[in-house]
């Protein structure tokens, strides 16, 4: 019945999976906030659908991370009993949901990244991860289509929608760089065939985003030295609030069975 | 090191104190949200000051509640390890802080109530509570003055400030009735001299509020059968989010010493 | 007159009325009111349960809840579509909701205060909804009946999930969890049995709706069926229904039950329940916040038109 | 020229310059820049700590933290007032902050990620601030010097409270709490020692400020004093400072320490730290959201004027 937080081994393969699983989980958490509050009913349903896909991916990957760690941690212990500093999601997904422009632009950035990642992970040396990727890649293609359609629609819609979209880009763009920062975890994954160095996806991602942002009529902000560092466990101040809410029941009902 | 929630005896004297202590605590929690975000620096300081006063009152009253209960619960166990359904604050204080009009109007409603209550509690049969009241009554007079000044200022300020203030009144007014709903807890307090039936404060409160709202040029909404029920432990949906945030550390670090 | 006779004959024969068929204006209006009210209930109903998505206690329960709330949005869509076949647009119906002219099920004006509320809504509220809705699968208006068939199938699934989640807590959980379940049952029981509406002798529109085959079973009869079914399920769960007068009546072959507080019912119907104002305000806020998005989508579509024509 | 000579003589004699005294324009500008930057640091500094008020782990800690953040607001007030004596209004200074023309201490562009960060800010950040500010209590401009005396007294109190809260966790807490403290120290150590600004040989304005008695001790000397004091305190706490090269140098009578990452320093100064954009956006949002309140207060005050005259 102890409910102290768990700690997870600093094994690079486990860390690599946590980056994927946590990013999908926190993105799902944010997207699900729209449920019941979207601009039209179709979008309530579409955003909930994406959140469900991401949640499914998160569950599969976290489960696999727990298996590779070998300490008996299941998806729920990993999601609900880790401390903030042990979460490995990129910072971009933990930012507040913002308005609809922020949401579809973040979806465009993240789904483009995930599409490239899952495509590569289909040939992971870890058969389980490869299988997860085979399913995820189909889901994420739809996410990307949905996000891109909306970005173009808002970019070419009204003056206000273009203005809001540009503001969203100005806010979010600088968080994109974190996706492609490399370190020993990437090196290890690449070396063992677990998955690609995330940095190796940068060129393809840049190309897809440039085409999209061009079509939407957006001005791409200049690159800056700003680097978010969520995937190394140093998050934004938003993360603590996400977790205090998400983890409340598991923390408050020790030994509970749900 | 168990951190399961505590439960508190259904003793009417304890419940009476929890109503006071929890109301002050949750009101402080909401007011403190303004810190760093007020319309001008003077108000950052004034609102933090009120939150501090309320927090001090809450600590004293919760401590006393724990003593009367006699189960060894201190102020922190009462604040951080009770479940939502065992909190006894009135619903009004748990509503989101809203804009500045909502905040000063709520302050006006609550400080007027608390002023009347503390004045009576100075002669409580419980010497400890009487002592707390002696200090609190001075603090709350300042709170009331501050709130009333602002209500008049906003009411007689600009068209926009009047419009916002009226919207705040339309939102909050219906939660005022709960303050004066009576039950066995009040009956017991009155009977034992612990404190007044809250309902007995209604006429004086009505008179003070009517004078204020009149001066501010507000239209008082019609009475309706709506009744909030926080002081019986049936809260609004906002309460759970307040507690998940407020209680997070105590729940997540079992056995911690702070 | 001939049209009216043909219509009546059709109803009597138990045939479906379809959108292109002639129908009495009052029949059309009654249907629009009922279907749109039902659609509004689905989308307002997303709020109390949606309130717990971010806090669901396991990832599996989070997925189940999110899928359920999404289904409710889907039900809203089918129902608005069914109502649109009667010549009223979704925007018109939403306008009626947002301005307080249209109603939605009063049950959603109660707050969800604990995680157990989510399970209890599945068990009791969805259970009552199904009881109400199954007869509508045989309703005389085709599009409505067909929508209801699909909806009822999904609702049954939700109801079983809700019951199962409560059963897990009651059977395998801690004392604190069991107390949470019992507390939620205590709060939702009476509002649930109010979902069948006022007693038959105070339900003036029922007769006409029965005649038209829009309503098939009376309020009191549905309520009795629900109570009979639920009392047995409560025993399986191990919870107590908060009605000291609830007991099996051998003679009637039904459960007797205590007096319903109709004052509370009418207060909530008339806008004075715990969450009426907040629910509506939340819907209106979402709609208003989304206005610029809908406008952008329209503007974009308009710009594409000439291009399509030119292509 | 005579005025300049008299001013210089006064500075040399260690006398205070007061608001009504003549002063060189550059002296005035330098002071306005420095005092307003200091005031901005106080009010921006309310945000990272304010972030934890709602989550403080005990009611006592909540009260202490709330009082501390309130004090920072108070410091902001004194300092804006001191700067106003030089002929610049608070609104002008805030405008410079909101438009990015004025700076504030870079330390507040780092996030507070755990509760231990609050204690570490008290210990290290307030500690470094005091080290910087104590000499300003002897600054040549009277109103600034007097404000600093009061501020330093309160900051010392905050610093002790921060240290005490860390000591409680380290001495009496759990392993998880001790790990939380060490982690916070790891993140805040380097940014704290950057608070003394660039090395003396890269600090071009320092000489003039020294001459004017606005600055009394050099950046590097203050930094060394801070490191020497803090290294001892770290031992008492039982935390490790994250610098493998930190060690006592008997010969120098000071601690040696590792190379500071000045690239990070300049990145944060130039707006690219972890929270620069969010901190400023939060201040601007609060200011903009409050516009209608300030307008209402002005309108009300204007309406009262004629009444007062008439009375």
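Order as written gives the chain letters A, B, C and D; numbering starts at 1 within each chain.
By our rule, a contact is a pair of C-beta atoms (placed from the backbone, for glycine too) under 8 Å apart; a residue touches a chain by one contact, two chains touch by 3 or more.
For clarity, every value in this text was computed on a predicted model and none was experimentally measured.
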{"item": "Remotest chain, subunit B as reference, centres from CA atoms", "value": "A"}
{"item": "Gap in Å, rounded to a whole number, between the CA centres of subunit D and subunit C", "value": "57"}
{"item": "Separation of subunit A from subunit C, taking each centre as the mean of its C-alpha atoms, in whole Å", "value": "34"}
{"item": "CA centroid of subunit A to CA centroid of subunit B, Å", "value": "40"}
{"item": "Contacts with 2+ other chains: residues of subunit D", "value": "55, 174, 176"}
{"item": "Shared interface positions of subunit A, touching two or more other chains", "value": "4-5, 83, 240, 244-245, 248, 253-255"}
{"item": "Chain contact graph, described as a line, ring, star, complete graph or other shape", "value": "other"}
{"item": "Touching pairs among all chains present in the structure", "value": "A-B, A-C, A-D, B-C, B-D"}
{"item": "Touching residues (chain side subunit B, partner subunit D) in the complex", "value": "25, 29, 32-33, 35-45, 48-49, 51-52, 55-56, 58-59, 62, 75-76, 79-80, 99-100, 152-154, 156-158, 160-161, 164, 245-246, 248-250, 253-258"}
{"item": "Subunit A-facing residues of subunit C, complex", "value": "43, 46-47, 50, 53-63, 66-67, 69-70, 73-74, 76-77, 80, 115, 165, 168-169, 172-174, 176-177, 282, 285-287, 289-297, 299-300, 303"}
{"item": "Complex interface listing, subunit B residues touching subunit A", "value": "1-5, 83, 240-241, 243-245, 247-248, 251-255"}
{"item": "Contact footprint of subunit B on subunit C as seen in their complex", "value": "48, 51, 55, 111-114, 174, 176, 183, 187, 263, 267, 271-275, 277-278"}
{"item": "Subunit D contact footprint on subunit A (complex, rising order)", "value": "4-5, 83-85, 171, 174, 224-226, 228-229, 234-237, 239-240, 244"}
